[in-house]
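Mind looking over this structure? Questions follow.
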Amino acid sequence: MARFIKKQKYEIGLAPDELLFRGIKKSEEVTIRVIDFDAQKLEENALKEVAEIQRYQDKKTVTWLNIDGLHNPVLMGEIAKVFELDDLVLANVMNTTARPTVFEHDNCILISIKMLQLKEDTGLIAVENLSLILTKSVLISFQETKGDVFEPIRERIRKKKKRIRNGWTDYLAFALLDIVIDNYIYIIGVLGEKIEVLEEHIGQNQPNTSVIKKINAYKRELNFIRRNIRPAKEMILALSKMESEFIYESTYVHYKELLDNINQANDSSDSYREILTDQLNLYHTTISSKLNDIMKFLTIFSVIFIPLTFIAGIYGTNFEVLPELHFEYSYFIMLGVMLALAIAMLIYFRKRKWF
Amino acid sequence: MARFIKKQKYEIGLAPDELLFRGIKKSEEVTIRVIDFDAQKLEENALKEVAEIQRYQDKKTVTWLNIDGLHNPVLMGEIAKVFELDDLVLANVMNTTARPTVFEHDNCILISIKMLQLKEDTGLIAVENLSLILTKSVLISFQETKGDVFEPIRERIRKKKKRIRNGWTDYLAFALLDIVIDNYIYIIGVLGEKIEVLEEHIGQNQPNTSVIKKINAYKRELNFIRRNIRPAKEMILALSKMESEFIYESTYVHYKELLDNINQANDSSDSYREILTDQLNLYHTTISSKLNDIMKFLTIFSVIFIPLTFIAGIYGTNFEVLPELHFEYSYFIMLGVMLALAIAMLIYFRKRKWF
Amino acid sequence: MARFIKKQKYEIGLAPDELLFRGIKKSEEVTIRVIDFDAQKLEENALKEVAEIQRYQDKKTVTWLNIDGLHNPVLMGEIAKVFELDDLVLANVMNTTARPTVFEHDNCILISIKMLQLKEDTGLIAVENLSLILTKSVLISFQETKGDVFEPIRERIRKKKKRIRNGWTDYLAFALLDIVIDNYIYIIGVLGEKIEVLEEHIGQNQPNTSVIKKINAYKRELNFIRRNIRPAKEMILALSKMESEFIYESTYVHYKELLDNINQANDSSDSYREILTDQLNLYHTTISSKLNDIMKFLTIFSVIFIPLTFIAGIYGTNFEVLPELHFEYSYFIMLGVMLALAIAMLIYFRKRKWF
Amino acid sequence: MARFIKKQKYEIGLAPDELLFRGIKKSEEVTIRVIDFDAQKLEENALKEVAEIQRYQDKKTVTWLNIDGLHNPVLMGEIAKVFELDDLVLANVMNTTARPTVFEHDNCILISIKMLQLKEDTGLIAVENLSLILTKSVLISFQETKGDVFEPIRERIRKKKKRIRNGWTDYLAFALLDIVIDNYIYIIGVLGEKIEVLEEHIGQNQPNTSVIKKINAYKRELNFIRRNIRPAKEMILALSKMESEFIYESTYVHYKELLDNINQANDSSDSYREILTDQLNLYHTTISSKLNDIMKFLTIFSVIFIPLTFIAGIYGTNFEVLPELHFEYSYFIMLGVMLALAIAMLIYFRKRKWF
Amino acid sequence: MARFIKKQKYEIGLAPDELLFRGIKKSEEVTIRVIDFDAQKLEENALKEVAEIQRYQDKKTVTWLNIDGLHNPVLMGEIAKVFELDDLVLANVMNTTARPTVFEHDNCILISIKMLQLKEDTGLIAVENLSLILTKSVLISFQETKGDVFEPIRERIRKKKKRIRNGWTDYLAFALLDIVIDNYIYIIGVLGEKIEVLEEHIGQNQPNTSVIKKINAYKRELNFIRRNIRPAKEMILALSKMESEFIYESTYVHYKELLDNINQANDSSDSYREILTDQLNLYHTTISSKLNDIMKFLTIFSVIFIPLTFIAGIYGTNFEVLPELHFEYSYFIMLGVMLALAIAMLIYFRKRKWF
């Protein structure tokens, strides 16, 4: 999951407007869904032919073209032709490994962001590139795989929610990005809960390598999320400051909200990172304390018995002349001395607060 | 206490102006208190019907509407209607999980901040979201729970304090935020005192897991406070730089003071954090020293007795021919040699400054 | 010394212009000293009555009012009245716990900074709040305690130093702040010398808990100084960039110098902090090395004698049939084998460079 | 590989426009390749005489002069003369040790950047300085060694790729820089894969010094890359913000892409750095755990046998009166007691979860 | 060498224009060298009388006055009078302990920077303050000691290098600062080489306190250099952005180069710092590994022999009834059992990969 996207040797030196799919193909089929609406009308459609796109070229309504799967250069060329987009824009869309960015071209704004989704069944985080092409009346969203992540927005459109039906493509773009960022927050929250559960296990009795493995796994997962949030944050900041004919004044309040949300996501991930670092430190402290305890135990035991064993050793020698051996109570005196020694030792350790 | 606010799955994709309460409902009842005043007059009221708000719509006086409990969409809708506020504003107010922010809408400024309060009985920190809607003549404050935290301000109003009675809603907003930030400072101070008390215990005789647990608990508490202060600081900074028709020139000196205060809170929390880190390091050093001492003790003891026991072992062998056994003073010579060896060892360790 | 200033519960919600002394009263008496001068004339005075201040209200000369002790609200009210200052200004002066700041009010600039002084007899650092109110012709300086820290400036005035006698209140303020910052540098220097002396002790033979205690004490002291310098630095920066009618163009070169000086103080404190961290690390390394040495010593000793003692143990058994016991040279052979074993061990350890 | 470039004593105080080669000569021969093209025509050439450059001086087409090897002051002087460049520009080109920078001179822009290339056979990273001189119609690229790194661009020109054939020198410069940055990303990716492979080995059974050596080697390599990326990033940022007559409006979209790419390279290197730090920590934790295990093992063993051996020692003494020796079942009782003791110990350790 | 400059008690409160030498007097004699030149003429001179300076006051040529030793207030006063400089400027020059800074006064720019020089014989770094006073036609450079560090510039002037002979005082100032910064880079390079040599020793067999001492010494040296570079960098940045009548447009390209160079110096010092930190960590890891090895060794040895010795101990007891003692092959069986036990242990340890 946490693999980094890498450049292949053959990709070096490619023209920036080469319509070449870069990344890992995640979907075979390409599906095109269209929602075309204004405050009154609403039309939903699933296109079979690329050519059908043409219909939506010059409408006064808001047209949302959702394209799943973007490895087809022919389709991309077609779209570029219909909406008179620069090849560069679509080359960027096809490069799923690029950094989240926003750029205003002559006749559109191109927005790209990494979309994270938690697969509830496996617990893995799927990452995919979402690109938005924003013109006055058309919003084209490109996803790598077919998914229903934007279904709530379609619902809001269908339910005639005022704001979205009265809004333009810039508001629609906000709605899409909002879902992406909500997913960031949601994923961090789910991971955060696991981290908080872990917290309770640490510091308890035994240092445990499974704990350390969990901490490291969570850390890696968190780093993965952070790697995606950080450039997204920059992008959203740029978007919220962008002065463009494609963005209405009234939409900035929403973009500002996006910024607040992604900042919150970032803050949370920072906090969880600190918590993980604290947990690691606590774990280390626990190990150190444990080692200390073990050494104390060994030392107390050894230090008590070493002299006793030595004494026994002396009276185990076979010297011809060893007067003590012949006294009647020697043995008992020896036992007594040993006992006294042991008790003295224990008192000494107790005084030094060793146990 | 230190739990993070999380996004629920079903919240993803909600319209931004959906009047849905987000967070944990902390109060059943909704109470509305009104203070309406100018330099001369003062009227205090507790509203029973939402409709009564209408009265305060177009007055020349300053009206402070304090609403405790904000999970009621109907009430919110009503307020929006009376004061002609955008649904978005009130949707933001109802989202108690949002990040502290300030934003100027068409006919109001929306301010939100996390309010921390130390529950003196339990020692726990309660967090709640405070939202302020600031128009020319009305300030609406939304709290999650009923509380008397703003009582001192009511007192100042009642006591005809000149500045507050002559001021406008922007000054009133300052007074409210000032209390919030004073509480930050107060809470950090209380925690700080505990940290300073702890300081005296560390480095003293025994490394103690209760100390490490305290350090970690304080750290968590401090991180929790910091997480709330940091975005609040950004918000106050934005507020103090905001150029708005709702804020009078003369109020900026107070907003600047707020900024100084929250910076002070932030500085203090930074300092306490450093202190805690130092304490942790000191604790580790103490553990290391301790381990060193234990190992020295064990080593001295072992190293002295190991050769003595070995000598005794030799003369415990049952060889037929073992000449030393038959000399008259062998035993005493052995004891003497042992004593000499032990003393030599002790001198050696003393020389290496082991004890 | 290093205690943080804290907010008391009852201070929360106070009006910002409440003339209430906040902090710890450090002086019972209030003394007012006046120096009134221009290039030609000079008049020094110690006022007994607050009312006498009135005389200095509208003079064309530069008037420096030095007030020691600021817990007297009546006096403060009087001053406010005479110089027509906002209550807010004097409330700020009385709040000795506030963060260093500079703010231009309608008819004055308010500057506040923490003044550190090393008590040569005890070695302790005394901290007190210095507030300056700067108007066109009057500079009022408020100190918490009576002190002679500004005596050198009085001397310069008396000795008719051109620059100070020709300067205005803004230059006088510079002179005062310069002394404050010089004291920062001086205190850091004194502490720094102790740190450098410590450096020579570390890494030498024995790890020593007194060293670690010193490092921690210095660290605390340095942190305390840094906590005061950092906001002072921000304040000086703001001052040096402030465009105000109260500051003459020609004075900015001096304010720039202040900034350079406080930056130097800050740089030094950063450097000493790094040095202390290095010392701590060095100390830890020394402990680790020591532990390593101890363990090596113990291991070499144990490993040599354990097999020897075992051999002796075997021939101490009482088996009826144990052939070796009956050979004439068995004992000597055993001793020889033991010696050979010990030597082999020593060679092995030497080869592994254990000693 | 990771050696830093250093200043030699004799270089101190040289005039900045001294045409002196600084660095390590990497190529004996100097080769000059020219590609001269516009949308229609294309001419490729390898110059033998420096004088031939003259031909390209005033053409309306785009001329790309690629010069490999730059230690020849005569050639440099010639180029300066032909294109009327300041000596300073070419002195900068010859200083291969300088920091990546971009600067607009009177009649050209000078860009310099470090080019990293992974030598596939040895796995080593070769670093060389690339300088670009950009005028309206001529782009001169200076490489230290002969290489085919820019071959893909030549191919794109030959294949009549529209964008490059229609573009100007600023676009060509972008294409060259793009390859440089693609190489950064590629190299980081290759290193990253090794780091990820390492990840799987760490935390597994035995702490291993070869692992630590690998981590440190990767760290050094990564630091080396980072050292080159950081100033390049600053340079690209300056370039993308530069307002110059030599850069067309339409090229900024590409420079912005360069910035995104180098930021991505930087992000990746940051992430890998964090991963390496985590690996180091994990390695340390593993060592600590291991030590703990070893000590536990030793302690359990010692603590069980020490008292048993002591008991045996007691009954090995030769006291005349030692009643237990004479009971018939003494020996078996002793064995029983010993077994019971051992079992008790084991239960105790199990209870403390030592194993 | 690495001592910090400190403020003496008596320096606190001095007037800023007091012509008092602050620092450590490093040279008794004061020497004044003059180079006066334009593109055609050149005149070199060593002045004996301060009064001779007068000659250079109003010339159209560029005059470079190099003054070694600056503890003479009379000379300073004279200079101030001749060139009509503010006392403040020369007071700053005499304060050799001040922070590197640049400030534009009414009729000059004052630049100060710390000059580091490696004394090749001792390996020590000498630090001295260099101040430059830059007017339209005169550059006065103040050094603390007589030195030939600027000889290369004199050579360039003598050799009629075009740029310096055609340039003004601002270019000359660049040339001087360039040498200072080249020295930074050179010194870092020399230190860097030592650090790289050290690298090869670390991680090799034995942890060695001499290594740790070297690391710490290099660290201290590097910190000392960094302390001087950091404020110099700020100064150069301010200089390169300064808009002043004393600096010609065409000189900024050189100041920009200075900035690049000092940034490179800073980058290098950052890198070496990271390397030293890595070395320290590697050293610690080596110590830990070593300790681990020692403990393993001890444990294996102890754990094998402890039970064997115990068995021997049992058969050394003197019980009357101890059946095994009387079997003919008991002794050999015991030896066999012991051997089997030892081998079993070894196999166990091998399985756990302890050796």
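Residue numbering begins at 1 within each chain, and the chains themselves are lettered A, B, C, D and E in the order written.
The definition used in the following text is that contacts are C-beta pairs under 8 Å (C-beta built on N, C-alpha and C of every residue); 3 or more make two chains touch, one makes a residue touch a chain.
Keep in mind that this is a model prediction, so the values were computed, not measured.
**Student:** What is the minimum number of touch steps required to go from chain B to chain D?
**Tutor:** The fewest touching-chain steps linking chain B to chain D number 2.
**Student:** Compute the shortest path length in steps from chain B to chain E over the network of touching chains.
**Tutor:** 2
**Student:** Over half of the interface residue numbers used by both chain A and chain B, so same, or under half, so different?
**Tutor:** different
**Student:** Using mean CA coordinates as chain centres, what's the gap between chain A and chain E in Å?
**Tutor:** 41
**Student:** Roughly how many whole angstrom separate the Cα centroids of chain B and chain C?
**Tutor:** 25
**Student:** Specify, in ascending order, the residues of chain E that touch 2 or more different other chains.
**Tutor:** 288, 291, 295, 298, 302, 306, 309, 313, 316-318, 322
**Student:** Among line, ring, star, complete and other, which one matches the pattern of chain touches?
**Tutor:** Basically the chains close up into a ring.
**Student:** Given the touch rule defined above, the chains close into a ring; going from chain A first to chain D, what order do they follow?
**Tutor:** A, D, E, C, B
**Student:** Given the complex with chain A, which residues does chain B contribute to the contact?
**Tutor:** Contacts found on chain B: 3-4, 6-9, 11-17, 88, 92, 98-99, 101, 103, 105, 205-207, 209, 212-213, 216, 219-220, 223, 227, 230-231, 280, 283-284, 287-288, 290-291, 294-295, 297-298, 301-302, 305, 308-309, 312-313, 315-318, 322, 324-326, 328-331, 334-335.
**Student:** Using the touch definition up top, name the residues of chain A that touch chain B in the complex.
**Tutor:** 150-153, 156, 161, 163-164, 175, 178-179, 182-183, 185-186, 189-190, 192-193, 196, 203, 253-254, 256-257, 260-261, 263-264, 267-268, 271-272, 274-275, 278, 281-282, 285, 288-289, 291-292, 295-296, 298-299, 302-303, 306-307, 309-310, 313-314, 316-323, 353-354
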